[in-house]
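The next part holds the structures, each set out as structure tokens.
One chain, chain A, appears in both complexes that follow, with chain B as partner in the first and chain C in the second.
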Partner chain A sequence: MVGIVVDGEPHEVPAGGNLLQSLLSLGLDLPYFCWHPALGSVGACRQCAVVQYRDENDVTGRVAMACMTPVAEGLRIGLKAPAAVEFRAGIIELLMTNHPHDCPVCEEGGECHLQDMTVMTGHTFRQYRGLKRTHRNQYLGPFINHEMNRCIACYRCVRFYRDYAGGDDLQVFASRNQVYFGRFEDGALENEFSGNLVEVCPTGVFTDRTFSAHFTRKWDLQTAPSVCVHCGVGCNTTPGERYGTLKRVINRYHGDLNGYFLCDRGRFGYGFVNCADRLTEPMLHGQPVTRAEGRARLRDVTFKGAIGIGSPRASLEANFALRELVGPENFYAGCADADYAMLDTIRRVLASWPVHSPSLREVEGADVVLVLGEDVGNTAPRLALAIRQATRNCMLAAAAELKIAPWQDAAVRELAQQVRGPLFVLATTGTRLDELAEVVVRRTPADIARLGFAIAHALEPAAPAVSGLSDEDRQHAESIAEALKRADNPLVVSGTGSGEPAIVEAAAQIACALSRRRKQPASVSFVVPECNSLGLMLLDPKRLGKALESAESGSVPAAIVLESDLFRSARTEAVESFLSRVGETVLLDHSPQATAHRAQIVLPVGTFAETEGTFVNGEGRAQRFFAAMSPRGAAMDSWRWLAEAHPRHDWQCLDEVTGACAAAIPVLARMVDAAPRADFRIDGLKIPRQTHRRSGRTAASAHIDIREPQPQDDTDSALAFTMEGDAFDAPAALRTYSWAPSWNSNGQSIAKFQDEVGGALRGGDPGVRLFEPVQRGAAPWFTEIPRAVAAEPGVWLTVPRYHVFGSEALSARAESVVERIPAPYVALHPSDLARLGHADSVELNWHGFREVLPVLADDTVVPGTIGVPVGLPGMPCGPCPRTLALRKAEPHGSGVST
Partner chain B sequence: MTPETILTAAEIAEIQAELAHYPSPSAASIEALKVVQKHRGWVADEPLKAVASLLNMSPEDLDAVATFYNLIFRKPVGRTVIYCCNSVSCWMLEADVVRERLSERLGIGFGETTPDGAYTLLPIVCLGACDHAPVVMVGERLCHDVRPAQIDAVFADDVGPASTASAR
Partner chain C sequence: MAGLRQIAMQGRAVLGIVLSQFRTLWRVLGHTFTRADTVQYPEQKPALSPRYRGRIVLTRDPDGEERCVACNLCAVVCPVACIALQKAEDAHGRWYPEFFRINFSRCILCGLCEEACPTYAIQLTPDFEMAEYDRRNMVYEKEHLLIDGPGKYHDYNFYRVAGKSIGGKDKGEAEHEAPPIDIHSLLP
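Our next item is the complex of A and B:
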């Protein structure tokens, strides 16, 4: 800490930071634009001016930019000094000369940083009488609107999009008053983090196009703290509702996890909640019935001795309620067996191996990163963004040697140019992170696992050796092991994406070998497929295949399927046979899917935006999410349907289910601490989901009933569907929106709730980490090293491929996302395609079904393998077979076999 | 479309020659754009995209360079481009009036070209001849100490070499 003097008052601030950040962390207000806690300082906008004094005798001082001024012992500055106040007002006045006066029709209005800063500087009267420069706006795709006239040229957008997220299709054109931020030509912004521009841009240049389609002012939204459901990272979000429609999702700051940024799948995938074809009424054999009837049928089915199939995208509470209803011995996992095997390994490794599962903030601190067999950019986008930042650590280290602070963004980038820290990508196909990697090795899944095991052996001779490795791969193994040995903070990243269980084992083996060498737990991050995949596994379900098998013998009288589509998790034929043998099938879900068409009883449930519960992300962090709105029609929380059907349990509210789950499952004991209980109050009141400025409360439904409806009660949480209460002082896990006096924008107002700007939320970042590394466990090595597979003629080894947009089922239903989903295809190496006679499409034998798909040439595909995109709408159902026989599809008549 | 279908063999060869002088292809951006401009008079969208792909850059990245510099034209220009300095020294010595006279005489404003395609009028930042402000550059000829009243002199064919030309 160093002592500084601000307007004559002494303060203590952490050493090494910049003055702007320090002042904001002290809770003082100073206007700024170009600085961003995650992007650092460039001193471009000149808005953060203060007066800096040489010493106590200096009464004149000089104007300095706070964001570019390092704090040092004895620093004396004036925030309120007239010269600074006047300078700041002048800057705003200049910025406003070209800014349109369109706040009333601007969708940023009410949460606009430019509005806030303009008010803060007191620039309320316009002297400029000249013309304003105007620009032509561009079409930027389904996610983002463009209104360039509002630009104040702070350069935040390009610094985020290009420097931080690695996009290259957004640039600054022209110069001086004409600078233009946009694309070369109209077209979708391609980077999967484009949605953050909405929050990064301090003005209304970039706004959320999906929100625009049903716009509501921020202050009129009803919001709640939530967790993204579109992958296993578990980014924190704030969904907002009005008039029964989920209007948008924005980032909810979490210091250890997503920080200030979400991926576009997480931000725009919410559209599925508003789909017209949602399941909203209980259905019996295709006919709507009452809730009571639905409940009665569920009881009957349970009584018959049903099995339960749990869900990797339903809450722990819903899964636990199902497990209780059918009994632990009848509880199965609603995911593919291959995923189950990998998740089982991950669960065991996290629980009992001497390895550390890092938060995203810790990922950003890694100095050497090895990615093993996972296309992180497409399966866990926000994690990939963190890895991207980790590759900058060598730049920061080089800068530190020259005494350049890490927040001196322009200087650090100028110094390091394109130098990137060691990232090794060992993959089964091209991945999104390849462009950043020092070494990219592409092999078949088995060979990637073998390479991984070889690295573990090179790190720690006690780990089993791999025989028969090529010289090239042996060298790779050795050089990567060397780099990992030299690292201060090595990180291994892997996951379930490759479909090869040995890859997950190899990744764990490398981390364990590192832990042994370093005599402290090394970090390993596992990507899991869905938002609660790991949570489901912690309830110890049996694998789905077992359920399918036991139905074969006719011993399954009924099945209750929770929020999952069996046709995605097992072969069509196997699911068909299962459903026909099982006496009765009950499905609880919110969106139509293949299993819903086959179930005799369908019970409608709420989505994440309408229900409450706990998810466990890939890191092993239990996080609570809350409803922003009430469910449609007769839908309700899955756990409630299941609890009501239970013959003995009399659970009335979520806390009781959470408590029972924590008591029954030792590893989940602390899940109760993920958020305060429903009886939490501030001054006797619940936390409001509506802002104190909400409008139209008495008028919103006056066309239906002139009496103001009674606010709906929420017995499951400490949040209320009203405007009464104190949202400002709520603990982080219950913060329904981010707002502070004078700070209306989401990204900037959060500073008032952080310990230090850009750091942890006050009172601790929410969620509970369930696993801490076992310090001294002698983990048994994995000894089963797969054999190298030789390609057989005519048979291709399948390799799953992922797309940010399309591979995840719920977001793929969102209207805006649909536009970005690739058409179904398979990919072959150009040489293999040549051998097939340059086919445009191929005919495959998919679990016994003949499928014809377009084929793309892709030189990142390993020869002898076929890339099969996972989950794309229009692709054949079910998990991808391990191998595929294929031939060129002929337009007419017989195909040519190869 | 490949660069070869858009750029001529001569253009590609000249760009390749420039590439050899730089450690990274993007460093040759300006030179490559100048090659295209030399051959075509200006840089249209398609050639720009072709050059970007030769330099392994996104069109955005190359266009950011192209649009930043006044001397790269992204629209067709007249046979002679007249640059009127409007930086501070010239501005203090009535550059605005000089520009007005030029506009009157040519019948065009900044960024426009005369209908006969003879002249384009553009603003430019400091031409480095502030001691002789106001300054106008006609094609490659520098005219200094320009007096608004004698604007015709700017168009005189008999003015001497660039360094000594004076419209006084």
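Our next item is the complex of A and C:
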């Protein structure tokens, strides 16, 4: 800590930071634009001026930019000094000369940082009478609107998009006060983090196009703290509702997790909640019935001795309620058996091996990263963004040697140019992170696992050795092991994406070998397929295949399927046969899917935005999410349907289910601490979901009923569907929106809720980590090392490929996302394609079904393998077979076999 | 001495009261001969100034287009929260309210919406005859609110001033705007 003097008052601030950040952390207000806690300082906008004095005798001082001034012991500055105040007002006035005067038709209005700063500097009257320069806008795709005239040229957008997120299709064009921020030509912004421009840009140049289509001002949104459901990272989000429509999802800052940024799947995938074809009424054999009837049928089915199939995308509470209803011995996981096997490994490794599963902030601190067999950029985008930052650590280290502070963004980048820290990508096909990697090795899944085991052996000779490795691979293994040995903060990243259980084991093996060498737990980060995959596994379900097998013997009288589509998790014919043998099938889900068409009873449930519960992300962090709105039609929380059907339990509210779950499952004991209980109050009041400025209360439903409706009661949480109460002082896990006096924007007002700007939220970041590394665990090594697979002629080994848009089922239903989903295809190495006679499409045998798919030549595909995109609409359903026989598809069906 | 002075003061006070009674009687009598302010409503209508705060209308700009841009400022400023609307956008970028509802059974005719409106769309008029037997009839939708003219403000057209382009007005064609920049030009 160092002592500084601000307007004559002494303050203590942490050493090494910049003055702007320190002042904001002290809770003082100083206008700024170009600085961003995650992007650092460049001193471009000149808005954060203060007067800096030499010593106590200096009364004149000089104007300095706070964001470029390092704090030092004895620093004396004037925030309110007339010279500074005048300077800041002048800057705003200049920035506003070209402003198009269109706040009323600007989506940013009401949460605009430019509005806030204009008001803060007191610039209320326009003196400039000259002409305003104007720009034409561009079409930037289904996610982002462009209105260039509002730009103040702070450069935050390109710094985020290019420098931070690695995009290259957003540029700055032209010169001087004509600079233009856009693409070379009209077209969708390609980077999967483009949505963050909405929050990074302090003005309304980049706004959320999907939000604009049904626009509502910030003050009218009914919001709740939530967790993203579109991958296993579990980023924190704030969904907002108005008039029964989910209007948008924005970032909810979490110091250890997503920080200031979300990926586009998480931000724009919410559209599925608004789909017109949602399941909203209980259905019995395709006919709508009442809730009571639905409940009665669910009870009947339970009495028959149903099995339960849990869901990796439903809350722990819902899964636990199902498990209680059918009994733990009848509880199965609604995910593919291959995923089950890998998740089981991950669960065991996290719980009992001496390894540490890092938060995203810790990932950002890694100095050597090894990615093993996972296309992180497409399966867990936000984690990939964190890895991207980790590759900058060598730049920061080099800068530190020259005494350049890490927040001196331009200087650090100038110094390091494009030098990146060591990232090793061992993959089964091309991945999003390849461009950053020092070494990219592409092999078949089994060979990647073998390479992984070889690295573990090179790190720690006690780990089993791999025989029959090629010389090249042996060298790779040794050099990667060397780099990991030298690292201060090595990180291994892997996951379930490859579909090869041995890869997950190999990653754990490497981490364990590192832990042994270092005598402290090494970090390993596992990507899991869905938002609650790990949570489901902690309830100890049996694998789905077992359920399918026991149905074959006719011993399954009925099945209750919770929020999952069996046709995505097992082969079509196996599911068909299961569903026909099972006496009765009950499906609880919110969106139509293949299983819904086959179930005799369909019970509608709420989506993430309409229900509450707890998810466990890939890190092993239990996080509570809350309903922003009430469910449509007769839909109810999944756990409530299941609890009401239970013959003995009399659970009335979520806390009781959470409590019962925590009591029954030791590893989940702390899940009750993920958020305060429903009886939490501030001054006797709940936390409001609505803002203090909410409008239209007496008109919104006046055309239906002239009397204002009674606010809906929420017995399940400490949040209320009203505007009464204190949202400002709510604990982080319950904060419904980020809004502070004078600071209306989401991205900037959050500073008022952080311990230190860019650090943890006041009172601690929400969520509970369930696993802490076992310190001296003698982890048994995985000894089964897969054999190298020799390719048979005419048979291709399948390798799953992922797409940010399309591979995840819920977001793929969102209207805006649909535009970005690639058409179905399979990918072959050009040499293999040449052997097939340069076909445009191939015919393949998919679990006995004949499918014809377009084929792409892609030189990142390992020869002998075929890249099969996962989950894309239009692809044959079910998990992809391990091998595929192909032939060139002929227009008239007379294929030529190869 | 003191007693005498007291009696004299009391006597003066009593006299004052009596005189005031007479003055009042005289004034009241005098009004019998002046013109009455009361009008025989509803046969006779009072003359109200254009700034009278009565029934709310939504007006059109001088080109005959809907003025309201669905900015929601009137709704948020309304102290009784009786305005609700939803933004929509036409094919050329013009914002307009998809629905616009005022619950006049709640409205207190304070005029804050008119003050907040950046486009002069919402205006209060001197019409106050809105009584209904059924409260439900006091809920006005856009079709009940939107009039054909510009109301009190004849000339203002928000989109002529604001830089957002709409059908018929391109970038650079609003007030005080220079033509759009050619960003591919290399000239300094």
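Criterion: the second predicted complex is superposed on the first by the 897 of 898 C-alpha atoms of A that agree within 3 Å, B and C clash if a C-alpha of one lies under 4 Å from a C-alpha of the other, contacts with A are read in each partner's own complex, and residues count from 1 in each chain.
Note that in this section a contact is a pair of C-beta atoms (placed from the backbone, for glycine too) under 8 Å apart; a residue touches a chain by one contact, two chains touch by 3 or more.
Here the structure is a predicted model, which means the values were calculated and not measured.
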Q: Based on the superposed arrangement, let me know which partner A:His101 touches: chain B (first), chain C (second), both, or neither?
A: second
Q: Give one of first, second, both or neither to describe whether A:Tyr243 is in contact with chain B, with chain C, with both, or with none.
A: second
Q. Given the superposition on chain A, which partner contacts more residues in chain A: chain B or chain C?
A. C
Q: Would you sort A:Glu185 into first (chain B), second (chain C), both or neither based on which partner it touches?
A: first
Q.
Contact-wise, after the overlay, does A:Arg693 reach chain B, chain C, both or neither (first, second, both, neither)?
A. second
Q. In the superposed arrangement, which partner chain does A:Leu170 touch: chain B (first), chain C (second), both, or neither?
A. first
Q: For A:Gly8, decide between first (touching chain B), second (touching chain C), both and neither.
A: neither
Q.
According to the stated criteria, A:His214 is in contact with first (chain B), second (chain C), both, or neither; which is it?
A. second
Q. So, A:Gly684: does it touch chain B (first), chain C (second), both, or neither?
A. neither
Q: Kindly list the residues of chain A that each of chain B and chain C touches, one partner per complex.
A: 173-175, 180
**Q.** Sites on chain A touched by chain C in the complex
**A.** 99-105, 109-110, 129-137, 147, 149, 173-176, 178, 180, 182, 212-217, 219-220, 243, 693-700, 702-703, 706
Q | chain A partner contacts - residues on chain B that touch it in the complex | A | 45, 49, 58-61, 63-64, 67-68
**Q.** chain C residues within the chain A interface of the complex
**A.** 69-73, 75-76, 78, 80-87, 89, 95, 101-103, 105-106, 118-119, 135-136, 138-139, 141, 158, 161-165, 171-172, 174, 176-181, 183-185, 188
Q: Over in the complex, which chain A residues touch chain B? Could you list them?
A: 168-175, 180, 183-185
